[in-house]
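Order as written gives the chain letters A, B and C; numbering starts at 1 within each chain.
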Amino acid sequence: MSHSPILIIIIPLISSFFVPLIGWRKKNLCYPLVVLALFISSILSLYIMGSVITHGSIYYRLGGWEPPWGIEYRIDYLNGFMAVIVSFISFLVAIYSRRSGEQELPDRIVHFYCIFLLLVTGLLGMVVTGDMFNLYVFLEIASLAAYALIAIGEDGALMGSFNYLIMGTIGACFYLLGVGYLYIVTGSLNMNDLSQILPGLYHSRVVRTAFALFIVGLALKMGLFPLHTWLPDAYTHAPSAVSALLASVMSKVSVYIMIRIMFTVFNPYFSIELIPITTMLSWTAGIAILFGEIMAIVQPDLKRMLAYSSVAQIGYIVLGIGLANTMGLTGSLLHVLNHALTKGCLFLGAGAITYRRGTRDIRQLGYLHVEMPFTMAAFTIAALSMIGIPPTCGFFSKYYLILGAIDARQWIWVIILLLSSLLNAIFFFRVIENAYFKPLGVIHESSYDRGEQEEANEVPLGMLIPILALAAAIILTGIFSGKIISTIIQFAIPEGI
Amino acid sequence: MIEYIISKYNYWIYIVLMMIGFYAMISKRNLMKKLIGMTIFQTAIILFYISIGVKRDATIPIVPEHSHEAIKALEYVNPLPHVLMLTAIVVMVSTSGVALALLIMIYKRYKTIEEDEILKLRQEAGA
Amino acid sequence: MDIISIRPLLAVLMGMIGAFFILLAGERHKNIREFSTILASVAKFLLVFSMVPFVFEGKTLVYDLITLAPGLLLEFKVDTFGIFFGVLASFLWIITSIYSIGYMRGLQEHAQTRYFFCFAMALSATMGIAFAGNLLTLFIFYEILTITTYPLVVHKETAEAIKAGRKYLVYTLTGGVTILFSIAFTYHLTGSLDFVGGGFLQDHGSKNVLTLLFITFILGFGVKAAIMPLHEWLPTAMIAPIPVSALLHAVAVVKAGVFGCLRVILYVFGPALLHELDLWWMLAYFVSFTIVVSGIFALVQDNLKVRLAFSTINALSIIILGAALLSPSAVKGGILHIANHGFMKITLFFCAGAIYVKTHKEKVSELDGLARQMPFTMGSFAIGAMGLAGIPPICGFISKWYLCLGALEAHEITFLFVLLISAMLDAAYFFPIIYNSLFKRSQEINPTFNEAPWLILVPMLIAAIISIILGIAPDAFVHFFKMAALIGQNTLH
């Protein structure tokens, strides 16, 4: 088990190699293989998290090479926590992907699984690695897989994917340049090593340029306003399982790297005191929240609405980073988890609705609660979490963010956070209202009769179980958020905040 | 001033190349041109990395097995940036590969790779 | 003295358990569904009732469920005020459940499972509000209450109902957000959110900050307490089925708002601080405005339910006025009015429902001569109406008496006049209804005896009779009077 940090990456990677081989002879075997691989990864990530909690950080030297020359995987509370989120959400999405994949991409399911596993490999790799260049490689693995996965979606996905590719490449190249600049002045690529060398060089212009390149590159990758332009198209047109994974996990991993670079590679003193980056981040985040939510209100397409809401939610998380105090970062990290669960549930729910109804037009969701009672219940719970209604988890992260803003004495963010709850309520209740209280839309109009009870026509269990599991997780995470904070998040907050 | 520019000419070249690529990616409406811009952009970064490993009058970093002389770092080129670029080139080639595949698909679907025309086609389809 | 007991948790969960069985039974097993509603309501009442003796022994039942955040517990604490509200709401749920069954069956309503489910969940949330030990716990259940009552408002699923639902959400969620801000700010100032009799905010923060905080708190809770100008949602929400209006829009939801206001006034800020900040009279004038204006508004409403809604707005502000005066009798009277108004208003709504089920009439102007057809209904109506106007021996008299005494104790003659004017307005908008139903004649109403079904009649009569009993013996049953006095003692040191 001492090799578990590398195993959680290797297992999906090797499986992604075997998927096409097996799929060539027997298509049906791919699905169990994918689910098994991700299941093992999830269990391993839990094991790693457990041993971080009991024994402290884990250091793993790849190939036995000493850092800073060799690649070191270093897992502490922060990335252990991220690894659990990434592996579990991708496990659930993988379970879901079978039936939705059968409908959305019947003849390409084998390729889909192969790339899906590569995406998870890349994401997990980004999370566990302690080496700046290694991180770039995993970033590109994940991104390339994401471009391909988006492209196999419906009509319009091609352009979305191409735009994402162009923007994503710019982001990744900026990151790479930043690594190069740091390498020029320090000669090191190891994060831990860098963090020890850098404080003496904080006034060097090269270091500052590198920092700026990192932030811009990562902002592009996570879709932070105003660099979000690729995001709505990509999320809307991708297959539903992919949208769920991208929205809930991939953007969060970029956020994680941002936190890592701002507060571990560079120290908080640099990021908070020496340069005005936190102020800039909070302003962009604040605008992102309002912009994303106002755009979401006017969207008729359910998935596009969720995509714009993601822009806003990234704003929440970055706002917490921008506040740069304990409460704010607690809120941020909690929101990373909460948003992963919530957005995952919403996108999977939207996928399920499309699976049965064949449309994502919000105005045509009438009487959905009779047709799909469980999906709609889960969707409603997730929507309430987005709005921030207790005891769902979304409330607690919002609460901490507000506390953080009050602690920082920045009232404008308090107002924006509160206002955003209401904006969220507007577009989520639009969906709920249509689904629960409106008669059937255009499609089923003829068969609509109030007295007559429609038969329930739920999605297959394989799709329903992940949705319900996420909905249950939303409530449980909410109730146990205190426990999560006291055992994990409070230790994940970088020192010196 | 001129001396300052010339003494750091490798950085200037990389910056100029990068900006050309960046310009093409942002402002060209033809998708193939965008892709070309992207490749220039990436190549510029590779050049940057390669140039930072170079030392004047230095040789390749291979140390004879039974050499008894002390190893002087100044005599060898820094191999690490070059090794990194080997990986980066692989990444970039695969990015170009994916992008080209996407372009082919886009062309098959819309019979054009002009962004404006595609947008128009899609709007018509939507309306 | 604190006793750790799981009873408050069970009392809260009982509604949810009931809701679960209601969902399980569904439309197919109507009888089981309705049986589980009744069973849950009775079980909940018994649980709450069993906690009453502890409170009179001066003990507090405490149950810490879980840590929500470092230093913040999801905590239930049954103090006098909590048990007062809990007993009231859980008892009224029993009779409303019986009434609901009669009403829903009588009108053959649709989506009854959703209706009963949401009702049970809303009551669960109400218990949570009553027994919350700190502001965060209270807020959590407060928001659950908002969400679970939304489907009840939209129950009719017509365009008008959906619009009403939207309005309801806009008002209550905005209120909720304001409360959230106030709570976060309180936490920032003190690092604690636990209710303490007499307040815990003293010496935390400057005068301006605390004034602002008090205003945001009152604005937040004031939405559900329907203080003008935040009351708009309540008349609109009257589109909900009548049992919903009866229990939720006259007792559970609006009283939750009032409960929140009172918790803030008496247990967060405390009388001493409010005197120091000179805030109590500002609040008192603010609600006095509501008292008078809502009475005038009620005069001109032709829809019976809307008229009742304005009367509710009036009564809610009277309760808050009692607390705002901060004198022992006023607080006692105000809190007593929570219960008394609950019984009287539910009687009135039940009457409106009985009339609607039997005759499908909703307008005041259509009720001429109805007393001949429905004597019991109109009789109960008269009891409720007279009680609200403060006529002895109905319970409304007792609470208003103490409120007037309280105004005198506080040396504020103005508010005495406000109370008297409001009593006159009460009479002015209720008595014509009684008079017309007795003495006028109408073509449309058949003057032969034809009452509503007994499932509707019995709860209505029970509520009316209790209103009288509480007027004659205010300390009957669970000693509401003694409780109100105790709350006053505990908070106004």
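The definition used in the following text is that a residue touches a chain if its C-beta (ideal position, glycine included) is under 8 Å from a C-beta of that chain, and two chains touch if they have at least 3 such contacts.
Because the structure is predicted, anything quoted here is derived from the model rather than measured.
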Chain contact graph: line, ring, star, complete or other? line
Heading the list of chain pairs by contact pairs is A-C
Quick one: report the Å distance separating chain B from chain C, using the average Cα coordinate of each chain. 70
How far is the middle of chain A from the middle of chain B, if each middle is the mean of its Cα atoms, in Å? 28
Cα centre of chain A to Cα centre of chain C, whole Å, reads 43
Within their complex, chain C touches chain A through residues 27, 66-70, 72, 74, 110, 139-140, 143-144, 146-147, 151, 154, 157, 161-162, 165-166, 169-170, 173-174, 177-178, 180-181, 184-185, 187-188
Which residues of chain A touch chain C in their complex? 384, 387-391, 395-396, 398-400, 402-403, 406-407, 414, 418-419, 421-422, 425, 429, 433, 436-439, 450-451, 453, 479-483, 485-486, 490
Tell me, which parts of chain B touch chain A in their complex? 22, 25, 31, 34, 38, 41-42, 45, 48-49, 52, 80-81, 84, 87-88, 91, 94-95, 98-99, 102-103, 105-106, 109, 115, 118, 122, 125
Quick check on the complex: what are the chain A residues that touch chain B? 133, 136-137, 140, 144, 147-148, 151, 155-156, 158-159, 161-162, 165-166, 169-170, 173, 176-177, 180, 183-184
